[in-house]
Structures are given as C-alpha cells and as structure tokens.
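We call the chains A, B, C and D, going by the order they appear; numbering starts again at 1 in every chain.
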Amino acid sequence: MAAVDFEALRDDFPNLADGQPPLHYLDSAASTQKPACVIESIRHCYAHEYGPVHRGLYPLAENASENYEAARRTLARFINAGTTDQVVFTRSATEAINLVASGWAATHLQSGDEIWVSQMEHHSNFLPWQRVCNQRDARLRIIPVDDRGRLDLENAPELFGPRSRLIAISQMSNVLGTINPVREVVEHARRHDIPVLVDAAQSVGHMPVDVQELDCDFLVASAHKMCGPTGIGFLYGTSARLRETEPLLLGGGMVDEVGIDHSSWAEIPARFEAGSPNLAGAVGLATAVDYLSTIGLKAIEQRVRDLTDYAYQTLEAFDEVLLYGPETGNERGGILSFNIEGIHPHDVAQVAGEQGVAIRAGHHCCQPLMQRLGVSSTARASLNFYNNEQDISALADVINETVKLFGKR
Amino acid sequence: MAAVDFEALRDDFPNLADGQPPLHYLDSAASTQKPACVIESIRHCYAHEYGPVHRGLYPLAENASENYEAARRTLARFINAGTTDQVVFTRSATEAINLVASGWAATHLQSGDEIWVSQMEHHSNFLPWQRVCNQRDARLRIIPVDDRGRLDLENAPELFGPRSRLIAISQMSNVLGTINPVREVVEHARRHDIPVLVDAAQSVGHMPVDVQELDCDFLVASAHKMCGPTGIGFLYGTSARLRETEPLLLGGGMVDEVGIDHSSWAEIPARFEAGSPNLAGAVGLATAVDYLSTIGLKAIEQRVRDLTDYAYQTLEAFDEVLLYGPETGNERGGILSFNIEGIHPHDVAQVAGEQGVAIRAGHHCCQPLMQRLGVSSTARASLNFYNNEQDISALADVINETVKLFGKR
Amino acid sequence: MTDQSIYRAVLLDHFHNPRNKGDLGDMQIVRRGSNPRCGDEIEIGINCENNTLESVRFRGRGCSICLASASLMTESARGLKLTQARDLIEKMQLWFGDQGGVGPPGMGLAALGSVRQHPARKKCVLLAWQALDEILDEIERHPEIVGA
Amino acid sequence: MTDQSIYRAVLLDHFHNPRNKGDLGDMQIVRRGSNPRCGDEIEIGINCENNTLESVRFRGRGCSICLASASLMTESARGLKLTQARDLIEKMQLWFGDQGGVGPPGMGLAALGSVRQHPARKKCVLLAWQALDEILDEIERHPEIVGA
C-alpha cells in the first residue's frame, strides 16, 4: 500500500482549507466535509449535462440517464454488490431503513414474531422497527450493550430463536465508535434463515465494506456521511429479498401498467425509485466513491485508527474526562463520546465552537443507548481521514478551558 | 410590470448558452434547466458553508441550520403559506403525495369512503391513492376529462358527496397543459368539509401560486421542475391537517422522546423530516425561488402563454398533427401534446433529438389519461420562459422531417 | 441523415416495406410482446417442421424501430433450426446487453446496431425477439404442437 | 472570552452561584420543564400571596445556560404581581422569538441576550420561563391553591 499524504489531502476540502482561524472539524459522524471534485461534479452536471433521467430520446436525456445508471454501477462495485440492480437510490439511510421496514417487514411479520435491534442503534434504525412491530403485533427485542460498549450477544439468547424474523444492527456505532461483528451475526442468522439489515451509515466510506463478504440481506448508508452530497443515500438488497419487498413510494417511473384498480410494478430497482431521480445527487455520490477509492479504504481506515488512538490517549489523560465505548483497536472506529465530570456536554460543545472546534453534544439520536449509559447526553468528537493531530490538540485545549470555566471551584 | 428581457435571461442558463449546435430544450415539464445562480449557491454551500443541520452548537452548524430554515421561510413566502412551519421539505412531489396518502388518508379512510382524483393525474398523484384505497377498502373515483381536455366536473356528481373523503387534483396537467379550476373545486369541497390536495408540480414556479388564495389543505411540488435542484420537493399543509398527519419516515430528528415501546414525535414540520436534512437541496431551491421571484411570476406566466400561443398555431398549421388539450388561452399552460398521423411518437422524438430539439414521447406517467385519449403515447413539447420562437420553429422543422421520413408515401 | 443516425436506410426500408407481415391465422404458435410504456405491441407467429422454422411472420403496431426489428427478425429467423434460432436470439440479447465488445449476430442485422446508443429504445428492438424466444420455450415444453 | 461570548460573566456567576436554588418542599405550586433532547430538567416552585410572587425557587440539572437562566428568572420574577410576571414571560418569549427588534425585558436579563445568536439553545433559556408560565396558568385555573 503506497503511503498516502493525508496532510496534503486536506487541501481537497475547500471548507477546511478556507478557515482563518482554522476549523477543527470533529463532527464527521454527523456529516462529512466535501472534496472539491464532488462539488465540481455536481456543478458540471447542472451546468453542462443536465437533463431528465429515463426515457428521454434526445442526447441530453440519454446522457443524463447514462450518468445516473453509471453512478449506480460505481456504487455497486464499491460495495461489491453481486449485480448493479441490487442498489436502490434513496433519499437517505433513514429512508432506506423505512423502505425495508414498511416494504419487507410489514408484509412478513406475524403476530408474536420478533425484530431484533441493538441498544446502540440510531433512531433511524430503531423507530421504523418499533412502528412496524406495533402495527403487526410483533415484538421489538433489544440486543444489550456490555460495559465496554459492545454488543452483548451472550445475553441475547433468543436472537436466533424461532420467532426472530429480522435483525437490524449498525456496523459502526455513531456514539461509541464500536465496530460490531456483523459478519458473525449474519453467519448465525443464515443458519436460521433470519435476514439481517446492516446500518452502514457510519462505516461505508470509512472502511472497506463488502456486501458479499458480509453476506447480509440489506445494507443502507447515506452519501453525506461519505464525502458525498446531501439528500441521497442507498439501499443494497439481495435480489431475492428485493423481490420480496414492496415499494415505499408509488408514482412516476416505478410502474409498468397502471389500471384503474390495480397496477403492476416495474423491474427492480426502478420499482423502488418513484419520482424523478436525483441525478445530481447520484453523480456527486459516484464522484465521492471514486475519490475515496483512489485514496483507498484500507488507508483511510488506518489513518483514522491512528488518529483515534492519539485522541483516545489525549482524552484519557484528563482526570475529569469519562470516555465511553471500547478501548482503541480493531473494534473501534473514529468516534469518541465522552463527558466531563459535572459539566453539561452542551457547555463543552459551546466552548469548543467558540474555539473553532466543531464537536457535537446531545443524544446523537441514540436515546436508548443514553439510557444504557445512564446519561442524557454526551459530547462527541468524530474523525475522518482529513483530520490531523492539531485538531486533537485543539480539542484538548477545549477541555482545559471548559474545566476552567465550568469546573467546580 | 416592467418589461423583462427574456431573451437575455437565456444567458443565465449555462446548459442553454453552451450549445453548438444550439439546444432547443422543449422538455421543461419533465425537468427545467438550472440558472447559474442556483448552481453557484449549491457550490458555495458545499465549499464554504457546509455543516450538519440542526442541533450543532458551533458556528458552521448553526449557520447551516439557519440556511436550511431560511430556505423554508423563503419557500413559505413564495407560496404565501400562513406560517413557515406549514412547509415540509420532502424528496419530491411524489414523496409528498405518498406522505399524505399514508400519513393522512390511511388514518382517516373508512371502508366505503371515496378518494377522488382526475383522469388526467400523473401516476404520482394516482398510485398512492390507489394503494391506500385498496388497503382501506375504500374506492378510488375518477373525475372524467372532457373532449377538450378539461375536468368534466358536471359528470362527477358524487365528487362532493357524503362518502368523498379527499380530492387530489393537479393544478396543471403535465400532458394537456390544462389549468384546472382548483379554486372552484376547493370552494365546493370546503362546504362539505372535504380536504383537497393540489398537485402543483407543473404550476409552482410557472405561474403565481398562493396557497391561502387557493385555500387548499395540501399542496405539493418538486424543485427540479422550477429551476431548482434534483432530489428535493415540498409539502404544504394547513396546520390543522398537518397535525392530523402521521409521518411517513421515522428516524433521526423527528422524535422527542424515544422509549423502548413507544415514542413521541417532535413538533411540526420536523416530525415529517426524518433523517439528515438535504441542506444543499434546500439552499438551491430557495435560490431558485428568489430567481423566479425577481423575474416575476406574472411575467413568466405571460411569456409562456405567448410562446404557447405561437407554438399552438405553428403545430395546428400541420394537417398531419393532432393536438390534445384545451385551445390556447387562460386555461392552458405551456405544455403541448400531439401526435402525427400514422407515426409513432418515439420516431418524432428521435428525429427531434437528432435535430437538437428536446421533446418527450411516451405516456408521460399518465396512463389513465392515455386510455381516455385512446392512444398509448403522445409527443410532448413543453415550454418555459427561457424558450423562444426559434425553439418553436425548430420543432416545426422536426415535424416536416418526420413526415418526410415516416409518412405514408 | 448521417451514417450514425439510427434511421438508416435499412431500417426505414423495413419500416416502409415490412417483410413477412400480416395475418397470423394459420400459424402454429403465436406469441405477443408488448411494451406498455410506449404502446408497442407485436405478435409473432411461426410454423415449424423438422425442427426448422419454416415461416416466421409478425403483425402489430409500434415505432419504426420496433417494426423494422420485427421485420428483420422474421427474415433472419426463417429457415433456421430451432437451436440456431435460440442461438441467434441469445446473441442479439448479448449484443444489446450492457457488455461491450460483441458484434451483431449476422450481417443482415447490423443496421440495428445504430440503436445501441439509445438505451431507451433497446426494448423496442428486442420485443419481437423476446416473443420468438417465448415461442421456442413453448415448443420445448410442447413439441407436439409442431408435430414433433 | 470575548464580550460576544455567551459565557458572559453574569451567566457564569449565576451558574456557579445560583440564586434561589434548592428544596421545593414548602412551595405552593411546582412545575417541571424538561428538554429530552439534551437532558435538561428543571423544577420551578412558587409561593404567592396577594397576587404577588413572594418566592420563586428552582432545582434541577442542565447546561449552564439553562441553570443560569433559571436563576436569573427567579430573581426577576420574585416580588412581581402575577400580571407583571405574565408580562415578563411574554416579553422574554418575544425577545427570543423569530422577530427581531425587541429588547430584553429588563436590565438584569440582558446577559441572556448573547444566547439569542445560538438558536439551538433558546430552549435551554426558556425552559424555566415556560415552567413559570404553566404555574401562572395553574393559578388562574385554581386560585384557591394560593389562597385567593
């Protein structure tokens, strides 16, 4: 693996290169910054190649359709989907999960069946299952989280039991940074014929993700968390599962024949993409994928791991700081949640903001996990390959200042 | 009203200014071209103001949230919503209709109730109602279309009857160009307390649209058809109706408190916007709205009407051409569907494409209307203010060439 | 009209002077192909003897590409052994598939190549071929229909 | 720490040395305000005599803004007539509302103004005030509770 000059890559990100004073952006788990190539591809799409996608017979429209479908191919290759039509463009990871909840689970759940999620799931991978369970008189079951912030599979003995109908877990926690043993869960689930949905919102674009290796049934992510544009995400599904799935949205582009009483759906994946496609979104996402692939996902993963180690040590050195989640190492991505004794995370984040350090404070859309941690919120610093050691030093300064301002005197 | 130099405005559209040979873009009903200011606002958002929307406590995030909410205010003013929170950002007009179908209709329909649409509706304003009617054992009723392509309200005597629970009609047909008497329908519906959803995908941005004047309950549109970006649209709803509506998507940002069994929704409109907001989409949409407002919606409407008259006359002059829809005048927007005797519309569109004229051929996502017209497809030319008379002359040349190539000899 | 144009002389000729078009009343097997998206509707009929397609005919309506392709199909399929016909259809589908690097399955069909750059119209081209494919399926299932 | 900074001396002082904080056991009416999004949880209690807020106290947990605002609220509300208290709350809400051009409803509260540029924290500021508002509602509905 050729060494990547990550420091130089910072210049690819205009919003990071901009800053005077410098911006220490430690909120990539909320949304990543965008490289110039992605921004340019969107601009170029609108300014010089813009036309409606699908079924136009003039060159501009044909080209737009081709660009849209080429983006799908790029994405399919990126996650190593078996075939291109296993990739459905959605509005977001959130929509993708809702699509599976209402399109697959709602039509496959019997009264008394169970859907399993974990205690560390994002609301987007929790609420849709809660609703469909309530609708179908099914049970939402929770895989507990152990004291080190890992899935406690030992204490979920019925996870692969006879009523388990679907397992939906994240590959990387957006609060704890935990990398979950998805491959292992799928392997067990396969034996009991239980489909697994992987919420890969935090992992795709941050580490190599291979859907065939994971062998999962569904996988979802959002472009904006992987250097791509806002307003687009995707659902991967095996062909068999997608065929079992009803569309969430009905409308233009997803039907074959429309009758007054009944209609027949178009082929997959068009069936799941009602409405005019998000051309610029798909193009921007594909450019992001190309950009990340050129750097190399392994290199990105290693870079973030190095930074995470450094950040973990830096934070650990503070007596007042309580860190959540696994220790550093293979089972942890670049997300660090912490609290400072006696100080509300809002105050930490506010001081940080004033010092040019962008961190997040709150429940991070993980209220069930907050309950498990026994807090109402945490401060969170999250890293991407474009961060550097100065960003982490700046975070240390913030903690010092916060303790000075708000600490018990 | 100061005269607008529409010819000069063409230069605002890089994709139109580009062309050598010139592009005669007559497919705006599918999607409009984008002015440079919209493209630039998206670029600027990503390059210099990008941060996650909502609940960040650092300046970049606060600014992003403010830009997102400012876009909502801009849009609310544009359609004259009573309050800003009556505007919900969606992925598209299609998603907005699905949201009302599954979030309002599904929870308000009783067995035997009726939802009324018209025979000219786009699949996006047809299929969601068909599904919810099938689910709820309700009836989908159709307002017929008369021979001149107008709503035949006389022949829908039960439209305001006791079982009528919702009326969903387009303000402008995307095939016929018909402008429907929405105001009149709402007035009647009000007296019987029947909510009305207006599909304004073709009208917003093309003529003045005032939701308070229309007095409708819901109204939907897509940004990409009004000079804005792809992947974003909106739902307007009265506060009372939105309060009665369940969210379509569940996930991050739309909940207040998440419990293991039940959760409570956030306030309106956040409740309907699960997932990370489409910041660049909202910003681009707001810029498009500002751009259109500066030109003036009345001026735009008049410009398109003039061009439509000219196009109508031009097409009418061909013996072989059969035009659908109302004659020119107030009740028609800039959309002209036609067929050439004995020639398949695909062939018309293909010849057009080769001659640099972008028109559409197909069923235009209006199969029920095609059945009414007794055809399987039409050719369609659709106009926007950036078109000119040369575009229409080019279309005339296409028709001559098509007849020469494919006409009966 | 350039050489690139899909309205190559050959296609126009087949559109204006379709071969093997008309009544299918005395055909052994008839299959319909339709594309509701654009209203193309084609019926293909065959007579078969000794595993050979003795006659292949079509009727229907559609765009020029669809009709020309049907006409061309009947010409190239007539006289083929069933296995050869299957092979031809497969090659057509490959030629029009996503993969590049495959040539036309026969000189007479080269004119259709100009349509390959217009993905939206691939369906128009393949409609008649798919109908023939279904006919071959039917023969496999019920060889007795063609007296075998 | 600049003048613009929201951690103005006043707020920090109220955070570190909260006024009127502690046990609410002997209060006539107590109301809770909570913001599940960030875990702020405040209880406000009052004693009222002759339509005047004789004492206003709070307890709870939250960020510095939330606690400082509660402390400031108790200081400015104490001694007010009920109608005056209502008026004050209204002015606070107006000041923190979307509209511009409105000043702080009292000199003592000016320090909170620095929070107005941080929309995400408006809720933190207003939590205590909303709880007081609910207390006033309760008094209107049941004046007997405060012996009126």
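By our rule, a residue touches a chain if its C-beta (ideal position, glycine included) is under 8 Å from a C-beta of that chain, and two chains touch if they have at least 3 such contacts.
Just so it is clear, the model here is predicted, and its values are computed rather than measured.
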Rounded Å distance between chain C and chain D, as computed from the means of their C-alpha atoms: 80
Separation of mean Cα positions, chain C and chain A [Å, integer]: 47
Chain centre separation (chain A, chain D; CA means) in Å: 39
Where chain A touches two or more other chains at once, by residue number: 55-57, 62, 257, 346, 350, 361-362, 367
Where chain D touches two or more other chains at once, by residue number: 36-37, 118, 121
Chain-level touch network, classified as line, ring, star, complete or other: other
Touching pairs among all chains present in the structure: A-B, A-C, A-D, B-C, B-D
Touching residues on chain A, where the partner in the complex is chain B: 14-15, 18, 23, 25, 27, 30-31, 33-34, 36, 38-39, 42-43, 46-52, 55-62, 91-95, 97-98, 122-128, 130-131, 134, 140, 142, 222, 224-225, 229-233, 248-255, 257-258, 260-263, 274-281, 346, 349-350, 352-353, 357-362, 365, 367-368
Touching residues (chain side chain B, partner chain C) in the complex: 344-347, 350-351, 354, 361-363, 367, 370, 375-377, 405-406, 409
Complex contacts: residues of chain C adjacent to chain A: 36-37, 117-121
Residues of chain B defined as touching chain D within the complex: 54-57, 62, 65-66, 256-257
Contact footprint of chain A on chain D as seen in their complex: 1, 5-7, 12, 15-16, 36-39, 61-66, 118, 121, 124
